[in-house]
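What follows is subunit A paired twice: with subunit B in the first complex and subunit C in the second.
This part shows the complex of A and B:
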């Protein structure tokens, strides 16, 4: 699996060191290569509008991948983000017909908080594996959404103008969604790198036992983490409905697998303790460009999923080799 | 010895729960008869195979997240190969699909052993891959199946010398399930390989030091899981007549039934009987909810909540055991 093992040892080792120390540089290079390939395949496709469009579609993915990054830092994963985003988007679109937008917003965020809380308690207190736990809550959430859908089927849905402006609008060549994303991304990066909470996430992922023995209330950190992750997913749902403009019961589901892949590509270890959000953002951009590329090559959805699976497997195996080397 | 008793006690308790549920079903719906039992057995069939697939891996100390995707892939493969083909062609399709499941399962195990990436990540990646492959085979539910395969699980088995009233309670689907599982499980359990499975699940290091080929056993465990999942995929196609590329909630159901069946998620403990009885329990709860005229969507929520609760309970017990 490790392609670096074939190259001569000194160079290979130096390359590994380099990859381990500065994971962002190879990622940016990969992104540039992908854009160049795109430009070669379809000359002239790369222009201002294309870039704005790519960023617009990468932002929801990047926020969801942020959820994965934070949970993966503790050695977990959050597969309920797709359902949570869909729920909040769907509830927002249907409630805003009758309610005040602020009330609709609060209603839309409620399931997100609830699911995050259940996830957190399941993982933090009962110590269920996060994967199973979040899969279970997403199943329950989808069921609730189906029941809810039948109660609002008569009233119809509409997309609030504000969300449509935020999701699709472009001002001076910059997508409006950046107004939401830039502060959010800055906050996540700051939280992970500079606050106590962020350090606790790294600590738990690195050595959970030691962290607990040094007096950290494990379940409180985990519960806070999963609630945060769910709320972020809920906000993504609102942004995504403004972008897609068609509420459905499987709106954000297709983003779940790519969000895991984006975090893994961005250098966050799925075993916890290593990684950061900057890499994840570039990972999300890479995946968005890759999706465009695959669409141009007319690759079917199935092949895309296979590719994402292989990427996750390959990158994880490669990172494992790099870590072992040190 | 006391441990053995406790383990059997768990299964006996489950059986008691199952009987209580049956009585409850009869109270809710006095007309509940052999026909309904037949359809329960048919509904259980794919779940039971999914659970068996998960059980083998969990006993060996791992987890297989790709069970549901594997079932989807084998199901669509069988359905698309048999679509419009002759009845005899199915005789070739069935072993082919089973072999495919076995090989893909072995690939799972091989990747875990070779890359040394944890099983949960490898099988998650394989979940993506298999799901994608299923979509490539059929991008929408469709395909067909040979009539004799459909007939294999519908109706009952006439047993000579027994009155029809009893005959009616032996649906073919149940018999197929029992025969398939016995053919695989009993020889396995009695063999050296079965012992090795329990050994690596119990303590990998201890097993390695006592000369158990850990890597080979692990690969075989995943291969068997793939084989059983392929059985599940076939059962899915047999009961619906088509193949669907998007898997049902079999993954969560399989983990929940494994936990409910008394197999520790850490590995090395439990048998196959408990999880299979647990599947019947979970399905019967669903039947009861339907009989109570509860909205099917609400049923899905309750079912999901029960499964999550069971998994939480199982994790809690495991944690207590460790302390």
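This part shows the complex of A and C:
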């Protein structure tokens, strides 16, 4: 405190301190740099339409990454989000053919709640490692979906107009999906920062023993958490089918690992106790822009994946170095 | 004596950062003797043992084995030098059978078998997996494994703890014979009865220094207690508490009544009351069942027998939340057990508020802030680094763990060694706080490893030894020598009871079961 005012602190150190205090800033800078690179490589690509498009694709990823953020805060992970999203999307698209949309919606959300409940009880009561638990339910869910597919093979599928409007529509230049995402994101941020439940997620990830001694019942928190995560994944599935418009059995599966990556890039510690949702949202945007960038480079698929992996690793490592001050 | 010592350690010192665990310890063991190593909690016994067996390096000192200077850098080097320890924790690898465990340390099998029989275990199958063998037998196997390689110096740490009487007897017999055959045994124990029956001499440590080497003769226990206490033996005068500090008049029924509480093999048949407005101290050597007592009262573990009554109604706690609902809060001795280190002071103090399902909703930030601030003020927590609890000093972290329950207004606080490893100033503040709590009609159960704290803080003292209640003192009688004696299981007024050492066999069976 005493000497810093007099002796000039090296600029690098000061910059580091500044970034450590505001971990979002380096993320935003990285996002801007990526956009600038894109603009240089393909002048004129960055326009209103491109931005709306990027946001449209970033939103499902950002919601799933929200599931990962919340579970990772407790030291867990939810690998079943892809399956859950796929299931709700597929059931919605097939049931809406004959049923009332509201009924179809309820049917679509049922497996989400069920899988979340099983995950929560497995992790919270029987103490199965979240990685194994959610991987297991994910496989079971995929299997069930295959069985289900045979029973509805004749009925066909359609995308409800409302979901198509929500997923792909743009109003005054703003994607309609923001109508869903903005309140949802605000709710998650608020929950994490200002509610008892949010506090408990951080505390459990930091020191589970301490929460137990404070009277927290682990299984309650964990069950509620995994159900919430699953329901969010289910909603994402409905949004995503409106965007992709082609129901398949592996619809949202490719989003699972990027959702983990987005949370990690956004500064959430996989060991629990650290992180937040705002960083995750920017992480999801960074990944989406990065994908576009690699697509226009016109590389072979293999090289693109290698580059993608390298960049994710590099960014995460660099980010942790900047933010962690120890 | 003209025989040269088998093991001669002098001037051994060990620092952990600024803390000196050992300053100037020495230990000299002659061939053919069983040598007791004694000292109160934190005197440096375990540090010395670890240095002698190569588990940690010393900062200074000289270790001679058979007159030769040896540098014991690793457990393997100690083994080659003929020094073999048997620690309190069983050391067989749980997933291997006994035979594979023997191979691992290249222990000869036949001598091992012979020793196992000798030690009173007739039917051991070497193919049994170590995990399936009961703890007491495992400890005996550890001993047999050590004996089988015929070490010059055998180091036994609390060997008879957790052993049933018949096995313990055999063990003591074998240890005695080991000494008689010209080898040496270093015997660490809290039990005077065993030491008097077994040992030839005792080295006493205090505050990391060897303060005396005494021959074990009848009546030496007084001298040993004196040595362990040092200058503090002068009978401290208990300052009369002012009216405000005095315990509030006892209510008709106690706040907590513990009857015949039993927890596994660690705690048996403990009964006491805790009244509103009092601070009851708990004094015990390390590992005498106090951890289990506190855990049972805090709802962390379920007792295997006995009853706990709160305000006259029997309770069964299955989770800490049950104890908290009954107004009983537990402050663990290890701060890292109680704090979410990366979270803020505020969140740590407010943690219990969010615990119940109905409090998961939005937090009333203004109300929480006021409550937390008043607790911070009451304990005078230095909040300059309040963003993350891990940046606070140890003393301030300890204050946060207590502040949490002040903010939650718990009626009873179980404080487990709250002053361990914190600075003097903070200690004084904690003493004052505990007295204030009692003055406000709260009750406090206070385990301390520093005997002098008893008189500063407590109204009564409960002494536990070997999982059983030894005595309950009013604070006026709880001077340090009396407490130290009681902590070693010697009943009050031990001077009259010197016969314990004179005729150990007569008391060997019932002494550990000393009842109040």
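Observations on the structure shown:
We adopt the following convention: the second predicted complex is superposed on the first by the 278 of 326 C-alpha atoms of A that agree within 3 Å, B and C clash if a C-alpha of one lies under 4 Å from a C-alpha of the other, contacts with A are read in each partner's own complex, and residues count from 1 in each chain.
Assume a residue touches a chain if its C-beta (ideal position, glycine included) is under 8 Å from a C-beta of that chain, and two chains touch if they have at least 3 such contacts.
This is a predicted model, so every value here is computed, not measured.
In the superposition on chain A, A:13 makes contact with neither subunit B nor subunit C.
Once the two complexes are overlaid on the shared chain, A:42 sits clear of subunit B and of subunit C alike.
Of the two partner chains placed by the overlay, neither subunit B nor subunit C lies in contact with A:98.
By the document's definition of touching, of the two partners only subunit C reaches A:200; subunit B does not.
Comparing subunit B with subunit C, the partner in contact with more residues of subunit A is B. In the overlay built on the shared chain, the residue A:22 is in contact with neither subunit B nor subunit C. When the two complexes are overlaid on their common chain A, residue A:210 makes contact with subunit C while staying clear of subunit B. By the touch criterion stated above, A:304 is placed in contact with subunit B alone, subunit C being left untouched.
Put simply, subunit A uses no single residue to touch subunit B in one complex and subunit C in the other. Against subunit A, in their complex, subunit B makes its touches with residues 63, 65, 111, 114-118, 120-122, 124-129, 131-137, 139, 245, 249, 251-252, 255, 265, 295, 297-298, 300-301, 304-305, 307-308, 311-313, 315-316, 318-319.
Only residues 298, 300, 319-321, 324-325, 330, 332, 336-343, 347, 350-357, 359-363, 365, 404 of subunit C touch subunit A when the two sit together in their complex.
Those residues of subunit A that touch subunit C in the complex are listed here as 190, 194-197, 199-200, 202-203, 206-207, 209-217, 220, 224, 273-274.
Taken together, the subunit A residues at the contact with subunit B in this complex read 1, 122, 126-129, 131-133, 135-137, 139-140, 142-144, 146-147, 150, 257, 260, 270-271, 300-310, 312-313, 316-317, 320.
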